[in-house]
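In what follows, subunit A forms one complex with subunit B and a second complex with subunit C.
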Partner chain A sequence: MLESLLEFLIQGVVLGGLYALFAVGLSLIFGVLDVINVAHGEFFAVGGYLAFAAVVLLHLPGAAGVLGAAVGTFLLGLCVYPLLIAPLKRRLGGRPQGPLYLVLTLGLSTFLQSSLLALAGGDYLRVPPQVSGILDLGVTAVSHQRLLVLAVAAALLTALFAFLRFHPEGLAVRAVALNPDAAQAMGINLPRIFSLTLALGVALAGVGGALMAPLFNVYPAVGFPLTIKAFAITILGGMGNPVGALVASFLISIAESLSVMVIPSQWQSLIAFAVMIVMLLVRPRGLLGRAVSR
Partner chain B sequence: MKTRARLTLAAVGVAALLPVLLPHPFVLTIATQAAIWALLAASWDLLSGYTGQISFGHAGFFALGAYGAAVATKHADLSPWLGLLVGAGVAAAVGLLTGFPALRLRGHYLALVTLGLAEIIRLVAQNWLEVTGGPFGIHDFRSLPGLPAGALVAAMYQVCERTSAGQAFRAIREDEVLAQTLGIDTTRYKLLAFTLSSAFAGLAGGLYAYYVQLVNPVIAGAATTSLVIGMVVFGGLGTLWGPVLGALLLYGLYEGLRFVGVVYNLVAVGFVIMVFVIFFPRGLAGLGRSA
Partner chain C sequence: MLELEGVRSGYGKLEIVQAASLQVGDGAIVGIIGPNGAGKSTLLKTAFGYLPPFAGRIALDGREIAGRRPDEIMRLGVGYLAQAGGLFAEMTVHDNLVLGGYTVSRADKRRAIEAVYTRFPLFRDRGGQLAGALSGGEQRLLAIARALIVRPRLLLLDEPSAALAPRFIDLIYASLVALNRDGLAMLIVEQNVEAILAVAHRVFVLDLGRNAFDGTPAELRASDRIRRLYLGEDEAAAGPGL
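Entry: the complex of A and B
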């Protein structure tokens, strides 16, 4: 009993690394741009395909695949603000946005997902793991690939939070999240910060996609379920709060993997949504959310 | 507005006559399915465009209607007409239940909660093998023509344009507090909007099930919601007839592009959604009017 508890706990923590990589970016984008990126999972998929292209097609080492995914999704993310969000913002002026941004990123999601389908086909592509081997922990065994996901997630998220805390550009990102008008009045270039934030957020998802490709396989819709789950995570953590998203990622992943001891595993995914709905009814601002009604 | 509504009715009329003029099975199939999608799109617009309560979960209500109808006919051996009502009833009941918590939420939060609800419905459909048949779904049950969809759209239009409920819906969308001060019971009308919208989405699901003769968990997926929202935005939010037009055109485009390549139709749908949101946020209904 205790052994299996420990085993599921470890698996949950490892899964939490992936969730965090994904959800922190989503939450950061929402906090700064006030846009829910429904297409976040498609950047995860693009990252997976870039890793496949680098490793399988070009025979580059695994690290090059991860790097390529990071750079590729970052560049793709840089285009999203100027090409899609800024024009809509200009057109709306001060009028209420209604569902328009949601619909816009939903359109982007459909567009990217089906473009991947058109370019690469619907087959499940296999990507060799970046690292091989298994770590035996006694109670359970964890593959080195999963540990790599956790380690990279920890390193990148530490770097991100350090960037937001200490780097002038990161301070500007936080200033914009707090109050865009005041930030602009202080001379911060808003479009630049918006583009940068979006690119950083989706690049985290892209790296996640490249690292998970050996575990999940790669196909066009691989990221979408993760997007939906990440919505639940960001709500639990408080929307627009990256630290909250980090905490909530681990809470959800651990709850999911422990749930296997009580309920059949095919119902596992229900937990995130049930938590989300309960959370929205009880405390809509989330665990660490700001007390603002939107 | 009035002339535009008439133009749409004319377009719907042409679409309805198309199968008579061109009695080819392919044309008939597309026209019928487009009509069913039009009903689903209009039901989304009733809740989200008209009343301003953004739902990302209409695939779930659609699936409830489809599964309700399929189960009623396949397992309980009810007539398809009764099955249609069963499906709509299940969808309406869940819609009403969603309405209560949704009273406290708005905007992004409501969208995400309803998305979660649809995901739960999809998971139940996938895993409750005894009733839903699991991933393979339910097939081979009695059928029904999809044509009542047109009449149902007309009924919905009457409710929204001719009754005080329609006015209350719009008042809630424009300014909820003001609507309240004017003596509109916003709680009641929001719940009514949820129930009506999910009931019509359920009816669309039932008609779909009887026409296509297959229901599986895929229809509860977010792609269904995405296509429907695309249709509404394409046609024009909050107009009811716009989404109908949008559904007919977008579904026609979607099926027509199959000749070019099965995957390019979805690329085009995604592209159309993005272009329309950015450049014509009021959709086809707003064309010609100053933005």
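Entry: the complex of A and C
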């Protein structure tokens, strides 16, 4: 019993790394831009395809695939605000925009999926693992690839939170999330911070896509289920709160993993959504509330 | 320095400021007073770029700045203090000051923050506290100190005395006068008429989005009509001493 508990706990923590990489970016974007990025999963898919292109087509090392995914999705993310969101914002003026942004990013999601389908076809593509081998922990075994996902997630998220806490541009991101008008009075260029935040957020998803490509295979809609799950995670953590998203990622992943000890495994994926519904009914602000600022 | 000429602005299609004009000369303190809803804060926000003017001219040192973003106007040497101070309440006092120096070099920022700490030792002692934990008066002082880190030439202030205890109002205005002596020009929207009349070189009265008076505080005090209409005084109560 104890061994099973440990085994599922370890698997849950490893899965939490991927969830965190994905959900923290989604939450950061919402916290700063007030935009629910439905297309987040497509940037995960783009990361996977870029890794495939680098490793399988160009025969570059696995690390180059991950780096290429990070840079490629970052650059793509830089274009989203000036090309899509800013023009809509200008047209709407001060009117409420949330639902329209949702539709806009849903359109972007469909556009990116269709583009990937047209460019690469709908086949499941295999990407060789960046690292091979299995770590035997006694109670369970974890592939080196999954441990790599956890390690990279830990490194990137530590870097992200250090950036937000100590770097002048990171402070500017937090300031914009808290009070955009006051941030402008400090000389902070809002469109620049919006673009930077979007790029950082989707680049995290892109890296996740590249690292998970050897485990999930790559296809145009590979990121969509993750987007839906990330909504549940961000609601649990507090919409727009990256720290909350980090905590909630591990809570959900561990809960999912441990759930198979008490419920049939086909119900496992419902855990996140059950938690989301309960959270919305009981504590809609989430565990930690909304605060990119902290 | 700053000139607004025939400025119309508002929110969406609602025009609140209707052809208002004013000027702020180098090193001057200029006050804007008027009844609630006159468009004073709207005019200030328009001057700083938060609201695009529907019409009119806004010029800084003769250069048109209408339509520019607030961060661009700030980089031209204009500071802005929002009604409640505009602090980042959930960030520390120190981080607020660091953000105040967002546009200057690291060395200049460090020097300027050190100068703030020397002038207001309270902020050094409480640098690690959340800005929102300071009292209302302390928050207003911090907002002013933060705005000064980049050494602006002109400061736009929206009701700096709002919701403050009298001793803090005196402190804030004493600080503003001291800064003005060093050459800082100010455009101050104020509901506290006595406070602004005591320090301003020139006063504009705005009513229903239009200029209703433009002159020195002494001229304003001498005008029975303005006193009656905008300062809420009747002729008998006003007396000759005003």
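Here is the rule we use: the second predicted complex is superposed on the first by the 288 of 294 C-alpha atoms of A that agree within 3 Å, B and C clash if a C-alpha of one lies under 4 Å from a C-alpha of the other, contacts with A are read in each partner's own complex, and residues count from 1 in each chain.
Everything below uses one rule, namely that a contact is a pair of C-beta atoms (placed from the backbone, for glycine too) under 8 Å apart; a residue touches a chain by one contact, two chains touch by 3 or more.
Bear in mind that the values here come from a model prediction, so they are computed numbers and not experimental data.
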| item | value |
| --- | --- |
| Fit or clash - subunit C, subunit B, common subunit A | fit |
| First (subunit B), second (subunit C), both or neither touched by A:A175 | second |
| Which superposed partner A:L270 touches (first subunit B, second subunit C, both, neither) | first |
| Touching partner for A:M186 - first (subunit B), second (subunit C), both, neither | second |
| Geometry of the superposed three-chain model: angle at subunit A (Cα centres of subunit B and subunit C, steps of 10 degrees) | 90 |
| Subunit C versus subunit B, contacts on subunit A by residue | B |
| Where subunit B and subunit C come nearest after superposition, their Cα distance in Å | 12 |
| Residues of subunit A at both interfaces, subunit B in one complex, subunit C in the other | 294 |
| Touch list for subunit A against partner subunit B, complex | 36, 84, 87-88, 91-92, 98-100, 102-104, 106-115, 117-118, 224, 228, 231-232, 235, 239, 264, 266-267, 269-270, 273-274, 276-277, 280-281, 284, 294 |
| In the complex with subunit A, residue positions of subunit C that touch it | 11-12, 48-50, 69-71, 74-75, 79-82, 86-91, 95, 98-100, 102-103, 147, 150 |
| Residue numbers on subunit B that touch subunit A, as the complex places them | 48, 52, 54, 56, 101, 104-109, 111-113, 115-117, 119-120, 123, 126-127, 222-223, 226, 229-230, 233, 237, 261, 263-264, 266-267, 269-274, 277-279, 281, 291 |
| Complex contacts: residues of subunit A adjacent to subunit C | 93-95, 168, 171-172, 174-175, 178-179, 181-190, 291, 293-294 |
